[in-house]
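Chain IDs A, B, C, D, E, F, G and H follow the sequence of writing; residue 1 opens each chain.
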């Protein structure tokens, strides 16, 4: 009995070989007594760690034991970058509707960068002022995959979907109020998009979109699926 | 006891004087034994009748007693037009996302026309192919009010809202499948629109949007509010 | 990397020319490091700023750099009024159900006033005490547009809709408890209103209703739609 | 094994003594092989039967064995009246919003009449045309209990609740379309009513409201609670 | 502009004459600057005040100006009792499922007592231990109206409904966790009760149930409906 | 391409060895071209087949090729019984609220019987008439597991849960109307039960409850878990 | 006025050049008077047509004018294949949970094949019998993209997501009953998947998944994004 | 009047005799003035107490009067163990998906242990890394009952259900974010499981699952149902 949480956690150190990506740490809710240890063990095993949803306090206690860990308070990403860094390849475009969506967009962008994708950021181009998006569309069309981050009515994904020839990963955000029901309105919009080539991840799940975009980007750069586990 | 429905219905013959518009008949569900009589009494009192959601069968039995009634199977509007017809004034634009939204869009358009508005139809201009909408936007911007009809993710209203300077009445439709939940996805999108100047009516309520657009159009043509009831 | 939010925000300084209204600032959630700068740049460009959902603290830090900014803690509107002020024109009536709806009602009323409408306030006239509304109905009927603000069962919009000849913009509020589900009950009521000439905005969206009412009021005063963007 | 349904049904012949009312038959879904028998056994035991939600076909097969059974196709009530009939006492007012609510309203009214209440019908007095309700309010105020039947936004209950001094039993109906969600909008409205003295029954449950109104009416006529079971 | 809330509130001092009950104050959310004044004006006009959902702090500031006000922290009722007190008449039974429902049950009980009903409290008799309820059922059956307060699955109302011959007012509470969705589970249970003679009020609305129970109890004691307003 | 459905279905002929129970056929929706063949192959492999949700037509076409198959139109179970039949062991009680729940209750009872449990049926004992349940409770308490089947407010499970010392498997049914939302009300009731020892299966899932009850009953008769797969 | 639908439809003949894929026809709901004409115009312009959700009747009337159109009643795909056919490239794996998901899985598979992907079908490998999936996993791991189609609890996507290194497109189906709410349970499961590299399309949207899988597969074969529109 | 809560609580001291288990205390929300007394009275009557959802503060005030009470901050269980302790019998396996589910899993495990079951803990074996679960499956298959605890998409229960021959009690947790809606996604997954032999308890209800698992485990060890109450 008692709070013996550490022994409950099975680190998946073999994961990088199996899927091409090391295990990622979802920091939110992890107790202080466990987190630094998890980071250290993963850093030792993989030479790199990606942590998401980290609080400033968590960043501090991890950096106390792993000084080369870096923290971004906007995206809440806490990471130990590979050394030397990966050479960015391909192109992932991360677009967002409003400034309030920036945290989720950055989580997607930094995840993709961490895993080796070149990233184009196109923020604050919501559909209520179309000229902003249209002014950037030629750049966006060069990407191998587009991440579309939007809250409220989440229409950005549909509009982009009609303008590009590559997959669009839609990320609904909980930005909004009233009948947005913490992101449900944007989620339903994106799931029901009338445009082709769109799939949706969970509300505020910038990490998931960045990960998936990286997988697509890597395939487009000639990486083949990983061999049998 | 027994089906004495007719005496339950209180026709509001005084309504035209009070609000500027005669009473409108929601035909769906009205029994055959009652509907022709209602049309006749309203035609006698007001010289005109607008009926919505009429079935072909209902059109037939009403036209049997009121041969000058006209029926449109797409919008399901059954009407006795004023004689002589009103002179169309102002301009209401009715825009729709896909061909499947045409029935609702026509209900809005024909309602507005019936009550005296000039109507511009801009159909099948959904956001997944923006060039279609942008090619017509100069015309739309001349309208005094825009009705935006769309199902699925309902993004049309937001995009139009950012491009015009007049009120946009958003009509979610039940067009779609799966997680559209019979129009809920479009309704939530429109209610949560990030654009200014948008308000929403019930799912598939083309009539309500056409009525409201007419009120706005009339005000813009110099008609003042009706005097005290 | 890091919190470089300011460069993510694209101010739409051209908006006033395009739609007749300057860009409005949704203050809630904007970081302290950004908000005063946004106000200053908009004030310089447009000579006026309307901010909504501002906290007292935000008001303070903006007023530190823009002393002529005014703040109303009830509506949470933070504004830099045009100088000289606009001449109020037309008439918008803002009605509310209970005293707890006053904050939302004031957001609507002050938005409409900011953009140049004359406003009639008729508060605390909920339908459970009809004499209060009926005693004011003659005044309300003079308005070019009515904003109806109500929580709980949101019946106010339907009752007013049956008594006036102009558009009613319904604003559901999150006022209530239990099965009101943070405003859903009022939203569904208003969307399903049996009265004609009603459209609905998001829960607690007083600003949206005030903006739309202003558009209608301006049209009724002879302003035409804005020319091509 | 096999469809031996009859023996599954336990008739509660003792119920009249226990609660003052005989058992009532919910006909919908009862198989043809069972229903006539149920009616006959209850008629023999109690000298009267009230059946609700009966189809015309069910009325026919019951009347084949019980010729004095009466059927009303609007309310779908199938009944064997007590002989001699009860003397109506007290007063229950049954009010409804629109003609489409008449079936549910009649179910309430006829249930109350069957159990001995005098009933005042005030139909088609929805809140979008308040003059209709206000013109009848003096009569309504004489009732010992009011049943308010309405679909769509269900505002009728709140308005009546503010005008009378007795209990209002609210019956949401599934009348409406789109975001009424088969009566959910009216149900939420009534549950969230801002008026005092209102309680709500299930969607379309006219019978339940009529039963409850009768209980209240009987108490007001001096009947005391039934003795111990 | 500015927080001029007091003038927004219209006290309904005439209400006692019209409905037999003075206006009741819903304290939650009322600002400190307004509440004592409201109590004082109502106390002056009616000689008594009933306030619901009052916080301890609100009790304190009201008692500072009205020392004879009484406060019960469990029910959160803050009241100025009539002097001399009403003679309790009839009988209302207030039953609750668990100890966690006591606050709502007390709100119902004290409301009924304030308005003149004799009250029988039968608490902690949830259906998972039927012997507790059955041991008290003879007492409950003497009441003119039963209030059934329960959270979680809310089955108490149905069980009582089958055991008494008088109206049961069901009060769902938000007590529970997980899929109770803040009282929705109990609300749906009570609305769908298979027992006769049950109607439901809003989640946690003990006051509403107590008010309605009083109306029924008064009718059963020979009080007639109030005359025309 | 084309409707080559048969080859898509992988029969799990090894299942009986692995879990102690042969594979069961969910007949609803299976095409006529496939179903008889599936039954025959399973009958050959296992000497017995249990099919659920079979239509009368499906029963006919299966019996054409497998004459010893038996069909019960109430439970819609189509079965090829083992020969010789299993000796019934232990005791499972299947209780239901109303006659309309009998089909689901029979699906549970016959599933349990098919798999070898002795079954006690206690039907039409809903909580609105408690004497019916209490009169049978001694018998029910002898069972090793109780299945409680109920629609509407689904309170039966909680009441039984408080009266027995063994697991109660709750089966919500879609019986009811209005705000029962096709069984959601009963599902939420059962999931939120205040009684101990209750778990819930899907709406109308009599089969699932019967299967689980059999597993529990078998354990209570001394059968041990199956060895490694 | 009248049913002039054909002129409402704007065919997007230029689409193939812009996005690499010709316009696709959603047949469901398209009137008979329009559909053959649409097919013919698209066949003339593009030399190929893909139609989804076609009924057997629609297949017939299109084949009457376009005899080389092919129809598959399981997937409901009606297509005019390119001549000569595309050389299949890469590999897309389409996996499904149960036989009832086959129609949706085939829609995905045939869409991908139509647009030029090699497709591996792995059907009826739901998670309740893991050996079926694990026996095929080596083949699945060779794919460039996996489509996972499942109803009920939709767990297939998560399990596959943990076993492969490429994107998984999850397709919830409406297969199931009771609390599956027409696919909502599977949709929520997939959106909330704990596995990495998963995104979700609308319920039953096999086409959308097949289209997206093709885009990914093409990128993995070295096709670059389309040039500027 | 006033906070006389203690007398509202009826302790069910007779419960152990009736059901084989003593009454359990749901601590959350119980006031400080009551909780220690409840523990003491139950300890005196039964010689043991199980409390759930206790805060550290509550543990402290109970231990002040009952020093032999033990508290586990992870599971939040506060208990007075029987002395001498029960001999553990049978086997219950408690499996969980992720480390964040450990608190709920421990509540289940410790409940089962308290009531006398031997418990096998298999934590952090979520379906996105199947090898973790498969590596432990032989041990799990020896259990008499399995408790499957998982949040997010809750697929663990289905996967286990297909691998064992005994009942699986599924516990959805509120772990997750976005569209998990505080555990609704996992709840729906588990209720809709395609595997046999699964039933579900409320979200985060580890206690309920542990209790039910104990009942099943006891039956499997030869304990018979309790005699008549």
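The criterion applied here is as follows: a contact is a pair of C-beta atoms (placed from the backbone, for glycine too) under 8 Å apart; a residue touches a chain by one contact, two chains touch by 3 or more.
For clarity, every value in this text was computed on a predicted model and none was experimentally measured.
Q: State which chains count as neighbours of chain D and simultaneously of chain H.
A: In this structure, the chains that contact chain H and also chain D are E, F.
Q: If we look at chain B and chain G, which chains touch each of them?
A: Per touch definition, common to chain B and chain G: A.
Q: Could you pull out the chain whose C-alpha mean position is farthest off from that of chain G?
A: Relative to chain G, the chain with the farthest C-alpha centre is E.
Q: Would you kindly tell me how far, in whole Å, the mean C-alpha position of chain F lies from that of chain A?
A: Here chain A and chain F have centroids separated by 45 Å.
Q: Calculate how many whole Å lie between the centre of chain F and the centre of chain H, each centre taken as the average of the chain's C-alpha atoms.
A: Measuring from centre to centre gives 26 Å for this pair.
Q: Take the average of all CA coordinates in chain E, do the same for chain H, and state the distance between these two points in whole angstrom.
A: From the centre of chain E to the centre of chain H is 36 Å.
Q: Send over the residues of chain C in touch with two or more other chains.
A: Correct list: 129, 163, 178-180, 184, 187, 191-192, 196, 202, 229.
Q: Chain pairs that touch, all of them, please.
A: Between chains, contact exists in these pairs: A-B, A-C, A-G, A-H, B-C, B-D, B-G, C-D, C-E, D-E, D-F, E-F, E-H, F-G, F-H, G-H.
Q: Any idea which chain H residues touch chain A in the complex?
A: 70, 72-74, 96, 99-100, 102, 110, 123-125, 129, 131-132, 177-180
Q: Give the list of chain E residues in touch with chain C in this complex.
A: Contacts found on chain E: 1-5, 8-10, 12, 15, 29-30, 172, 174, 182-184, 187, 202-205.
Q: Where on chain C does chain D make contact in their complex?
A: Interface residues on chain C, with respect to chain D: 97-98, 126-130, 152-155, 158-159, 161-163, 176, 178-181, 184-186, 188-196.
Q: Please name which positions on chain F make contact with chain H in the complex.
A: 18-21, 24, 138, 141-145, 163-167, 169-170, 187, 191-192, 196-202, 208-209, 211-212, 215-216, 219-220, 222, 224-229
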